[in-house]
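Lettered A, B, C and D in written order, each chain numbered from 1.
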Amino acid sequence: MYSFKNDYSEGAHPRILNALIESNMTQEEGYGNDTHTKNAISKIKTLIGNQNIDIHLISGGTQTNLIAIGAFLRPHEACISANTGHIAVNETGAIEYTGHKVITVDSNDGKIIPEKIQEVLNSHANEHVLKPKLVYISNPTELGTIYTKEELKDLSEFCKSNDLILYADGARLGSALCVKKANVTLSDMCNFTDAFYIGGTKSGALLGEALVIKNENLKEDFRYHLKQKGALLAKGRILGIQFEELFKDNLYFELANHANEMANLLTEGLREANCKFLINSPTNQIFPILENKQIENLEKKFSFYTWEKIDDNNSAVRLVTSWATPKESILEFIDEFKK
Amino acid sequence: MYSFKNDYSEGAHPRILNALIESNMTQEEGYGNDTHTKNAISKIKTLIGNQNIDIHLISGGTQTNLIAIGAFLRPHEACISANTGHIAVNETGAIEYTGHKVITVDSNDGKIIPEKIQEVLNSHANEHVLKPKLVYISNPTELGTIYTKEELKDLSEFCKSNDLILYADGARLGSALCVKKANVTLSDMCNFTDAFYIGGTKSGALLGEALVIKNENLKEDFRYHLKQKGALLAKGRILGIQFEELFKDNLYFELANHANEMANLLTEGLREANCKFLINSPTNQIFPILENKQIENLEKKFSFYTWEKIDDNNSAVRLVTSWATPKESILEFIDEFKK
Amino acid sequence: MYSFKNDYSEGAHPRILNALIESNMTQEEGYGNDTHTKNAISKIKTLIGNQNIDIHLISGGTQTNLIAIGAFLRPHEACISANTGHIAVNETGAIEYTGHKVITVDSNDGKIIPEKIQEVLNSHANEHVLKPKLVYISNPTELGTIYTKEELKDLSEFCKSNDLILYADGARLGSALCVKKANVTLSDMCNFTDAFYIGGTKSGALLGEALVIKNENLKEDFRYHLKQKGALLAKGRILGIQFEELFKDNLYFELANHANEMANLLTEGLREANCKFLINSPTNQIFPILENKQIENLEKKFSFYTWEKIDDNNSAVRLVTSWATPKESILEFIDEFKK
Amino acid sequence: MYSFKNDYSEGAHPRILNALIESNMTQEEGYGNDTHTKNAISKIKTLIGNQNIDIHLISGGTQTNLIAIGAFLRPHEACISANTGHIAVNETGAIEYTGHKVITVDSNDGKIIPEKIQEVLNSHANEHVLKPKLVYISNPTELGTIYTKEELKDLSEFCKSNDLILYADGARLGSALCVKKANVTLSDMCNFTDAFYIGGTKSGALLGEALVIKNENLKEDFRYHLKQKGALLAKGRILGIQFEELFKDNLYFELANHANEMANLLTEGLREANCKFLINSPTNQIFPILENKQIENLEKKFSFYTWEKIDDNNSAVRLVTSWATPKESILEFIDEFKK
């Protein structure tokens, strides 16, 4: 039974485990002051091409979102998210727990556009409603779609001219950056946002996300927030070692690229067999529409989530590939689909 | 340069890394629903001798404290801690961030006694002050001292009869349980408290603490709180695998025992050389009082924290041993001290 | 220039001011322990016909909502509101500040029905999303509509069978209870909800709302929450005196009835002159649709809020009457409209 | 039975009630946008001699403290208070509920000095502990003592040079300003602090405190915080009218002066009869030490709080005078004491 449920079903890429082993018995400072964390941060800064940014390594995505947004906003400020945004639907009110409302705007493809933000601004103009202050996007989105360079630029300019913070959730960022036609680089992510994070957990690490803060106003005292929310690991080294390895010899992008290729292969195979899709996704999450009977059959050999009812006979399912997905599993799925 | 700064300077015990490697490519469910986590929980329940408890694996100690206390208390309720308690002095107001005051009581040895709690209850008797509801203890304490079985029993009875929750921070619990004269077992910890946690990070794991909830009223919906505070790791397996290994063949206690033995050896060696101590600690943190000049000398070969000024010429330092401390480093330190 | 902007443009009904004067120099206990507060609470209990309820007098509506909801919910629980609900749109994220998400459901008339709640429950079934726990309704709604006895009963039964708290915002409750065809009494409000409040500020008092808690589980320690959120007035007597007077000789309902009558008169007058309405409201807020040009003209003599754009030439406005609205102002408005 | 329990036992000064009556039927804007609030604010600005300050009228002291401190601090920042401070002991954890710790420093007289603040700064120097950011003082203190101009200046300079916000709770500010030897004016309060409030509730108003914000960085968006915490009264006029009257013809200071004079008269009378005091208070709260038997006797004719046990036979009591205290009650108390 092969699982396409998500991209965190396996442990870590072997090179990462190896790095943990090799460094294991060296004594290091705690709480992220170790040499590996410093080295990882240095590598990422160089890759981004900006030494004037702050980078913090954090255990997981929800934790990164809640700490960043909680630190960036004052009590009366709110964030804006697509109605499909992870913070809006899948984090058990983590943002609200920090005291901030997530104002959602409708989106068909998981993306958010300036016009929708403007509507929120128009209806939030005095002290009887919250002050929208941060725009949350995810790239790729929760539907596998991605922002083009142009779209990011537009969002960035809109946010700047409206004094809004632009924050990007990059849980699967590698996957977005490896889509060539989008033409978005790590440097672009940094240039166009005030802060964003580079996901590790879903890209071959055991755990870990790298939060990048560019906006000078958002940097101050950030480690206090990490500690206060329980995110400053005593053995911070385990995050450092992993990101050090991920950004050595391009490993991070190789893994993301593999995940994309497997998803593309699966998409093509299903398309050839006349399968329709809920949405066009160039990344490692795809959403084919299957007959319910077919789903039942496929579930005998594969596990995956049914995403959305289309009509009485059909549903969209979500298939997720990863750095660890073997080509054979893709081909088997296509074969099984064709039957 | 050998570091006695803390018990989280190295990575993980080799058996733990090995377990991570062996399980690495098997696909598992996410968010703590994997087979390893289930197995680890089952082992701990058996060891405690109580199947009717809930166990949750969490990344770190501050995170465990803030989630547990935040979940257990209603908004108008407060916790009581020794003035040396970790939640009172070293967690950047994590508990206050959840909205709850930490009321401190004076303590010379890091422990808290019913009389001190009673004083707090006496001065908190109406709605103009908070309602004390939870007593926080750490075992061992932040000063390395431990509670005897009798002391835990007294605290437990006092709390029960005053409708107070007794919660124990066990960041270094193994070390306390391995002190024979205290005569406290994992079962006792469970019997005498409403909830407590078994520390992994400082006992040979890469990261991870096992929160045990016995009180029926505190169990409900706990996974919601984990998710909301960003503590439900996508690859929860990495916590499960580590605790599975720690509680196989007594590894957890072997490691704690080693740490204690190294600390005891160090204590004896220093005592023989007429060294005085700030406090008597039978666990893996000891607090010798050294001449400032001596400290300067020792710092050339060892790193450690100066804890407290005693007078103009003397200070107490903190020396921490761990599962990884080699006997030679102990002997070297003693030698160097004698010079 | 007469204002139909709201029902809190004037001070208090003269009888209330008189009561303040008469009681002024008597020394009373502070913080709601005065004889007037006790007397007011006793009167309301008798009127409701239930001695086994708790009543707390609080300064304003937003404050009442945030304290009640903040006290009733645990951190991982959320409330459900119509998308027009005051807590969802007009309280500057007060509920989110207490850490709780307001999940909104679409509503055309400001009311919420069991089917919509069921949809929320269906999509909130595990720990990755919040646990819906409280249903917030307002009666009358923010659109002036009201719940019938049957509708309240249905909601009540649905909530009970789904372990949901039903909470009613009664900022203008008098106005709802005075609509005869709805056939809802103060006792019904108490029977069908777990808690609700009786608005004073918009019904002739200087300030003050009376929160009624029937559900036994929600009563405990409530005064702690009042104090913690700054709602326990030192001179609590000023709330007690006002509610004492409002519930003497039926004054509360007389005032609400007057407000309704004035609104009905206005509605009839405008209808006769062929005016259409955004919604049918039997209470003291009405929403006629006017030509923009007409609005401009009317604004020379009256002040009121433009509520919603209908099309390029027409907008709905909101006209609010109160205990203080003179019949002449109504007639003048109709006259002016007819011109 | 005359009560010396507090200075909020009666209603309001008759001139205030009169002002409410006279303005009652005029329609005004809601939420503090009325003419009276604007006029009151203008009067206070003139009195302070600074037009470049923001003033907000709020219902009560705890509410003012929690909104101001909650708005001024970021999540990882803490406040420092004397251990006798109202926010530390008598507000049911209102500040902690906003997420901020109140770090207390020992004080015998209710006052706080730079040396004590420096000690806190010394022990709070990294991200494992909170960042102290605001110093809370009360003037007069909870023990009736006051700060001299020199002491305020010292505190002010210390705070400025350490980047700390100085905030003063002026629940009984009038009483402090009327002590001639202290030589502190309303302008001084403004000059030496970043923000402070002028208490109305304990100085003859039904309710109301005027928060003055001088520090430019603390002013922005403050009304959002008021609304979010439920403090923006629909009929904000009732606060405006009262402060308008209090600052007409020096009424505020006349009332405070009367309270002080009555307290001084009582102090002198008791001193002449050889009574000792817990502390020297020049304001309207005094703390004579009485024999327990004497207390019992006096309680037959007067009500007051026993403050603190001195020894087995003696206790300090708290006697509070106010704008409403008649001279005869003072003389009666002295007579009764002498018996």
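Definition applied: a contact is a pair of C-beta atoms (placed from the backbone, for glycine too) under 8 Å apart; a residue touches a chain by one contact, two chains touch by 3 or more.
Values in this document were obtained by computation on a predicted structure and should not be read as measured data.
Engineer: By the touch criterion stated at the start, how many steps lie between subunit A and subunit C on the shortest route?
Structural biologist: Tracing touching chains, the least step count from subunit A to subunit C comes to 1.
Engineer: Determine the set of chains touching subunit B that also touch subunit D.
Structural biologist: Intersection of subunit B and subunit D contact lists gives A, C.
Engineer: Considering only mean CA positions as chain centres, point out the chain farthest from subunit D.
Structural biologist: Most distant chain from subunit D: A.
Engineer: For subunit A and subunit B, what's the span in angstrom between their mean Cα positions?
Structural biologist: Chain centres of subunit A and subunit B, defined by C-alpha means, are spaced 34 Å apart.
Engineer: Round to the nearest whole Å and give the separation of the Cα centres of subunit B and subunit C.
Structural biologist: Computed from C-alpha means, the inter-chain centre distance equals 50 Å.
Engineer: Considering subunit C alone, which of its residues make contact with at least two other chains?
Structural biologist: Within subunit C, residues 75-76, 91-93, 97-99, 127-128, 130, 224, 227-228, 232 contact more than one other chain.
Engineer: Okay, in this complex, where on subunit B does subunit D touch?
Structural biologist: Against subunit D, subunit B makes touches at 75-76, 78, 89-93, 96-102, 127-130.
Engineer: Using the touch rule from the top, collect the residues of subunit B that touch subunit A in their complex.
Structural biologist: That would be residues 2-3, 5-6, 8-12, 14, 17, 20-21, 23-30, 59-67, 91-94, 97, 201-202, 206-207, 224, 227-235, 237-238, 324 of subunit B.
Engineer: Show which residues of subunit A lie in contact with subunit D when the two form their complex.
Structural biologist: Residue list for subunit A touching subunit D: 31, 70-71, 74-76, 98-99, 127-128, 130-131, 221, 223-228, 232.
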